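Each structure below is given as structure tokens.
In what follows, subunit A forms one complex with subunit B and a second complex with subunit C.
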Partner chain A sequence: MSEAQDYKYIGQRTIRPDGFDKVTGRASYGADLSLPGMIWGKTLRSPHAHARITRLDTSKAEAMPGVLAVAVHSDFAAVSDEAIQAGEGSANLIDLASNILAKNKVLYHGHAVAAVAAKTEALAEQALALIEVEYEVLPPVMTALAAMAADAPVLHDDMFTTGLEETPDKASNIANRVEFKIGDVEAGFAEADVIVEGTYKTPTCHQGYIEPHACTVRYDEDGQSMIWCCTQGHFDVRTSTAKLLGMELSKLKVVASEIGGGFGGKTTVYQEPVALILSKKSGRPVKMVMDRDEVQLATGPTSASHNWVKIGARKDGTITAMQGKFIYEAGAFKGSPVMMGCMTAFTPYEVPNLYAEGFDVVVNKPKVAAYRAPGAPQGEFAAEMAVNELAAKLGMDPIELRLKNAAKEGTQTIYGPKFKRVGLVECLEAARDSEHYKAALAENQGRGVASGFWFNVGGQSSVVINMNPDGTGTIVEGSPDIGGSRASMQMMAAEELGIPLEKLKPIVADTEMLAYSQGTGGSRTTFATGMAVIEAAQDVVRQLKERAAALWNVTAEQVDYADGVAYNTAGEDKMTCAEICSKADRTGGQITGRGNINARGAGPSFAVHICDLEVDPETGKTDVIRYTAIQDAGKAIHPSYVEGQLQGGAVQGIGWALNEEYVYSPEGKLENMGFLDYRIPVASDLPMIDTVVIEVPNAFHPFGVRGVGESGIIPPLAAVGTAAANAIGTHVTELPLSPPRVLKLVQEKG
Partner chain B sequence: MAVADYKAPSTVSEAVSLLASAQMKAKVMAGGTDLIIQSKSQTAEPLLVVDLKRIETMKDYQLTDEGLSLGPAMCCAEFTALEDVKAVYPGLTEAAYLIGSTQVQGRASVGGNLCNSSPAADTIPALIANGAQCVIEGPDGDRTVPVEDFVTGVGKNCLAANEILKRIVIPRPAPGTADAYLRFIPRTEMDIAVAGAGVSVTLDADGTCTAARVGIGAVAPTAMLVPAAAAALVGTKLDDTALEAAAKAASEASNPITDRRGTVEFRRHVVGVLVKRAAKIAQSRAQG
Partner chain C sequence: MAKVLFSSEQQKLTGVPEATFNETDYRSLTEAMIRRFPALDRASLLDMAIAINGEIIHEPLLEKIPPDSDVHFFPFIAGG
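So, the complex of A and B:
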């Protein structure tokens, strides 16, 4: 694939096919479906962070007029100790069941205990108050370090640390230990002239999607059922729910509504299986809609972390060794993304000696869910802060230091493969050469740069393109559209078919209309589903040629197809795609193209960010005054949506760095539910995020696409952290940089 | 609470008698931006809502030589657009302008902000700095209470269940007077004050401060008047020493708590900084 190829649609800023529905409010989201006879489900949640349920009596609630069903943990089918696909990781079924309805212990404030379905929302709410629960309150374990202490209360008495040389015989809050290495870090440190090391902490943060989880479900007498919900992966909702209810996949149809943000947080199930139990018991359709407090209490978040990093380098800036110990909170059940933290933290660098050790630790907080590049921001924050410290210590420009050690084609990664062509150097050069990087700073202002690495994934996607007799077509895909991917699918198909964009309508089909497709996560949709679209479009072209050949009485090999027109190379004839479709009845019936793939070869996307920040030394208030996000997209199919991903990632990362955090009371109760006190940035908080899209094509994708959805959230933590440190003239080791913490740093510096 | 009944009287007296004769819990509503949220709390106790927005005298204003007389239910969008009021009480206008967002200001009122009596309410320190008085109507007639005495605790004020704030009256400031209000929030909008300060200063011809009032918010159970901070300013030219002394007095007078929005030390410190900065703005306005 040549880089300078001319495309008709790829690279244009076309109008998104879902735009009208969204701006007019016609688009249907998770809470927008109501069915005849529908009733409402509500969830009873634990007021305690850690407690044993000694009694749970739902009889009074069940007896209340208007109440039609109650669900508790024992309503789930017996599930096995099995891992299933969930977003960018996997979920253990037993844990999943115990998370969405507590078994015999509640493990975090807000943990679901029971659910009720009643004729109205108000009745369901009232019925919750009639459920009698007695708790034996246990001491909460609120941080990973506290959880790792020898005498810490244990959340799961059947959990024994895995990944150690010997499996211990004492239950522990450490679920797993992982280790990655290349070379010999001790030898690497021995070669170093300069060593930096530090411990860096990040808080518990929520994905902060605007749309709360919502579903409407129906379980029919004949065992057929339907779930309508907002999700990033409806096929995975089907898998989990079917397992939890002991159903066959064909009996459960899942429809993905439009989605108001997910960022990884909508790759698992919470209410959907519970609603289906309530529907099965009541014989009525059931709707469940979380409120914002419930979203914050019981969904998401991402891991708080505690990471130690050490880096050694020669005087000339050559890094000789990097080492880290990464401790991530998993929340109430095992499965933090610490492994990905270990795999990503040092990956922007080509260093012969690397060692990363990770610990997955359970605490009395909600079970973490995927969040944009899950696990990478925390570990890379630590590594990038330390790299910036190293640059300062060496008296070297932080971008030059990174360029000197940058990962590139052929670099051995800590997690196994060697890199194919990647665009980190190009991103760093663009940062170094930018006007932003050269701009002067005023008093109380500081600048920070950081890079970020994310793998991106491929995986299974199914696509069908149904051509109509008038030459228009429907692109049927199975990846929920979160960031404008329908537009990209439309563009890629139009490019392949050579027909006008508006002749093709992309839709996200339900689980009955299409074979399994992995969800939208791992920055995979434009890459992998895009490849399936291209394959399906090529299948259509192949058939168009065959049909034209049949009409011309030549062989398919004698037909050429370009720009939507078939040419008879054995004669003068030509026929447009529309003409061939209109005659399809005469050549064997209508045309359907298929693409069922398991895509390999996802191209990593590197990002480099520059942040300028001003600190008010009297109040600790910070202001991001200028910000540039640079990232390798491989090929930007729709540049506006690529830029949108870069900006969105930057904004979320800045929020993570500056103000977002879960605040808990000493008893482990969440104190800042809701967007008033869980402070994601509002529009007026930030300057325009400038973007630079780098295009170093991914050889495995026909158009060169790399996923762009995730890398952008990684650099902001250290870019902001370093900018603040430089503005104050101090070291930053802990996020968020909320005003009280910044003021303290200013005052301590004196 | 659950809204069970709704009445929209056209006079204050009618509203007062609706409150007095209510068979259930009754609350008056101005913009409802606090009330509606509070009515969604868990308890199902029935609530009668008495809407004040149909009462003309609750939404008008007069600005005379005596000062400002404000209908407390006028929405902030309308209030902040009153150029004549803004010219006299710019700090009060900017306090009202900080409430919520454009959308919220289309409903929210200064009177509602005052009667909701949150420690963090933005207009209260500005009202205190301006020496505002509350005119209250009840079944037995009217009474007048200064704003600093009106608020009595977190979400509490001196209104009886059957009383209504019917007017906010602010004296016309002496020549050479101006006010300013500043709050601290971690974001730029859609947030609640972690600390707030309203300052009014009167300067004589050579720039010496002859009178001052300082109101602080979000750093104690109620917004409060800080006479010691004002005293630190009077007789000075608002030089750095005087400003530091005022800041210190405000910090010392504050009695904050540590919560999810800030720590005791942080709030104490920041309220002083705000007093200092607001005094400087007021000074430049008074000179301007």
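So, the complex of A and C:
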């Protein structure tokens, strides 16, 4: 599947540099740091989904022995009406502060109202009970459609819909409307022989990372401070916290611990600024660790959505028009990823007439956070289900229908640019030609296929490579390692430097040791931070050549460097990297390479999945019996990690499709906190996820990397949905396909 | 000359699907766009990512615009 290049390390399955720490338990995660004199912070959360705070009195808690500090919203006095980059895009600071600690209204069950720091965790818990809060309970709005109704209770009196021809004069729960189009969909539908349309719904569900949010912070007398936390982007934690608390960046050091999953959900801040307030007030280090209920209640899930899609095609399968209306819940504050849903839903297809309209709607649920390809799974679920319906209506194989209309080099995207070379056709052909796709199915089994598109992003990364006198080196990067990026950085640096892999140690630096690096998200780290590593390694090579030239008394242009050895082209001399480094003290001091980039040219990634599913018609239970994930990686730097990303994305998507959903009472109270009631897939639920890695190189990356972290979560929703529909012999329009819903479909089918 | 292809939202403000410009760098291009199409919102325009001949650039301030290139402006993309 690869356009072969001759690499020594790239493409090998090397030993992961963090492996020993992980398997021995030495690795330190968010909750693992304790400091002398440390106290504990705990959060009081709203029991109501929507209520006005009419009275908040913390005096009894503050007077309780052992309590050292209390934090409330007014501690964010420095917050201004300013947008900062956070996770899925920009976040308004006022909204961010009001989400972290409610201002005058609580907007979802579990919304933080106040926090207490006490000498022990138990005392902090007890003190929460002494905080007096009186609420004027308001009716909640729990779905986007309910929130869009003309008579719906309004969450924010000062929110007026943007993106309309005229600015409305009445506040609304619709934060924004977006629109993308090319061509003329009405003309496209007029050309069509066959039209399908349907409404498809996806539930609120959580990223489901195993490690809860945790931090330990210290605010010193001189204003210097430190945050240790599990995060996908510690530089962004620094930015957000400093902005919220009116601090200079140089006074706030953020250290990223090892991280037990994030999937987008750890790209923003929740308790880190609160802990710092408590530390400043108490003069003590403060630790805050959420429990699982708090994670589910008050950290960002992804948007539930309600989407309508219409597709027209000629009898030969040529799609003439695709149209969609995408309605995404933002949670309590504006900012759902609906725009990206609009930009991705139809992008696997080359169709001349496209129209996507999106609505960002606030509801009384936690503010959504990024989740692996944010916004794409929901919209593409609707589009892919409709494409499969179209295939059935046309009597065409669904992969052949996709191949006939597949996006390729030169395809005009709905968001503007035309594609450079992309690998969707190769993925579809691999799916079509797979043994899996040709395998027979038994009774009560169905098969579904679906494709998925994600942009992948670039962004800012900083890297330093410090060479030691013995020729070893340290790769200092600023991207928290969630999916094995330290191994990839090590491999790319070794490839460039031509020295053995084990001579290079990759580390993730804190915010004082390195210049700004964007967080790990958007499938950007191996692509963008990798480019910074390559740039830093090339800087080292340049200096190695200069130092060798100085030792040989020739010019640097007369020195060649290959496979870790410098050659004097004006003579017979040669020196290894280690020999040059050992003499660095005599040629100008130690050698340090730097790569500070804002990476451009991210390569889009496509995925195609095949799912075989069996339905038990007696109980509605489903079993995924076979699953294949195919994806264009551009170039797989470390194939095992790439395969792991494909498998991880598939499993999360399968969970989204089959079981995961937030269940709320009519009063808007979350009823299924915890992994017993919020059912994510476990190893025993699923077969081995087979993977096929396609390598269509990204021309803008030195090794051809595209990024693989996100596309894999997109196809499962429709692949599973279609497999279930085919197994039952019905239509599927709503997720999750939990046993009660499947049983209902079976019974309705009769 | 560079060709700027407007999104459907931008077309509401420009009235045309595309326009050509002689400018050869991002800063002068955006100034020229705002001069020619005053309805374009400066802050929104400068907040957007661009693609030059399909290469996506999130921070284009210092970009050169090659002659005969296709330029698109579109919303900043982030991920999870």
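The definition used in the following text is that the second predicted complex is superposed on the first by the 746 of 750 C-alpha atoms of A that agree within 3 Å, B and C clash if a C-alpha of one lies under 4 Å from a C-alpha of the other, contacts with A are read in each partner's own complex, and residues count from 1 in each chain.
Heads up, the rule we're going with is that a residue touches a chain if its C-beta (ideal position, glycine included) is under 8 Å from a C-beta of that chain, and two chains touch if they have at least 3 such contacts.
All of these numbers come straight from a predicted model, not from anything done at the bench.
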**Request:** Look at where subunit B and subunit C land on subunit A after superposing the complexes, then choose clash or fit.
**Result:** fit
**Message:** Once chain A of both complexes is superposed, is A:Ser523 in touch with subunit B (first), subunit C (second), both, or neither?
**Reply:** second
**Asked** What is the contact status of A:Gly458 with respect to subunit B (first) and subunit C (second): first, second, both, or neither?
**Response** second
**Prompt:** Where does A:Gly601 make contact in the superposed view: on subunit B (first), on subunit C (second), on both, or on neither?
**Reply:** second
**Message:** According to the stated criteria, A:Val476 is in contact with first (subunit B), second (subunit C), both, or neither; which is it?
**Reply:** neither
**Prompt:** After lining up the shared chain so the two structures overlap, which partner does A:Pro739 touch, if you call subunit B first and subunit C second: first, second, both or neither?
**Reply:** first
**Asked** Does subunit B (first) or subunit C (second) touch A:Ala124, or do both, or does neither?
**Response** neither
**Request:** Please work out whether A:Thr619 is in contact with subunit B alone, subunit C alone, both, or neither, and reply first, second, both or neither.
**Result:** first
**Complete:** With subunit A at the apex, the angle to the CA centres of subunit B and subunit C, rounded to a multiple of 10 degrees, reads 160
**Message:** Between subunit B and subunit C, whom does A:Met340 touch in the aligned arrangement: first, second, both, or neither?
**Reply:** second
**Asked** subunit B or subunit C: which reaches more residues on subunit A?
**Response** C
**Request:** Based on the superposed arrangement, let me know which partner A:Gly416 touches: subunit B (first), subunit C (second), both, or neither?
**Result:** second
**Item:** Minimum Cα separation, subunit C to subunit B, after superposition on A (Å)
**Value:** 27
**Asked** Which of the residues in subunit C come into contact with subunit A in the complex?
**Response** 5, 7-9, 51, 54-59, 70, 72-80
**Fill in**
The answer for subunit A against subunit B in the complex is residues 122, 125-126, 618-621, 658-659, 663, 671-672, 675-677, 679, 681-682, 684-685, 738-740, 743
**Complete:** Within their complex, subunit A touches subunit C through residues 85, 87-90, 178-182, 207, 263-265, 267, 339-340, 343, 369-374, 415-420, 454-459, 521-524, 598, 600-602, 700, 709-710
**Message:** So in the complex, the part of subunit B that touches subunit A is made up of which residues?
**Reply:** 2, 42, 44, 184, 186-192, 194, 259-263, 265-266, 269-270, 273
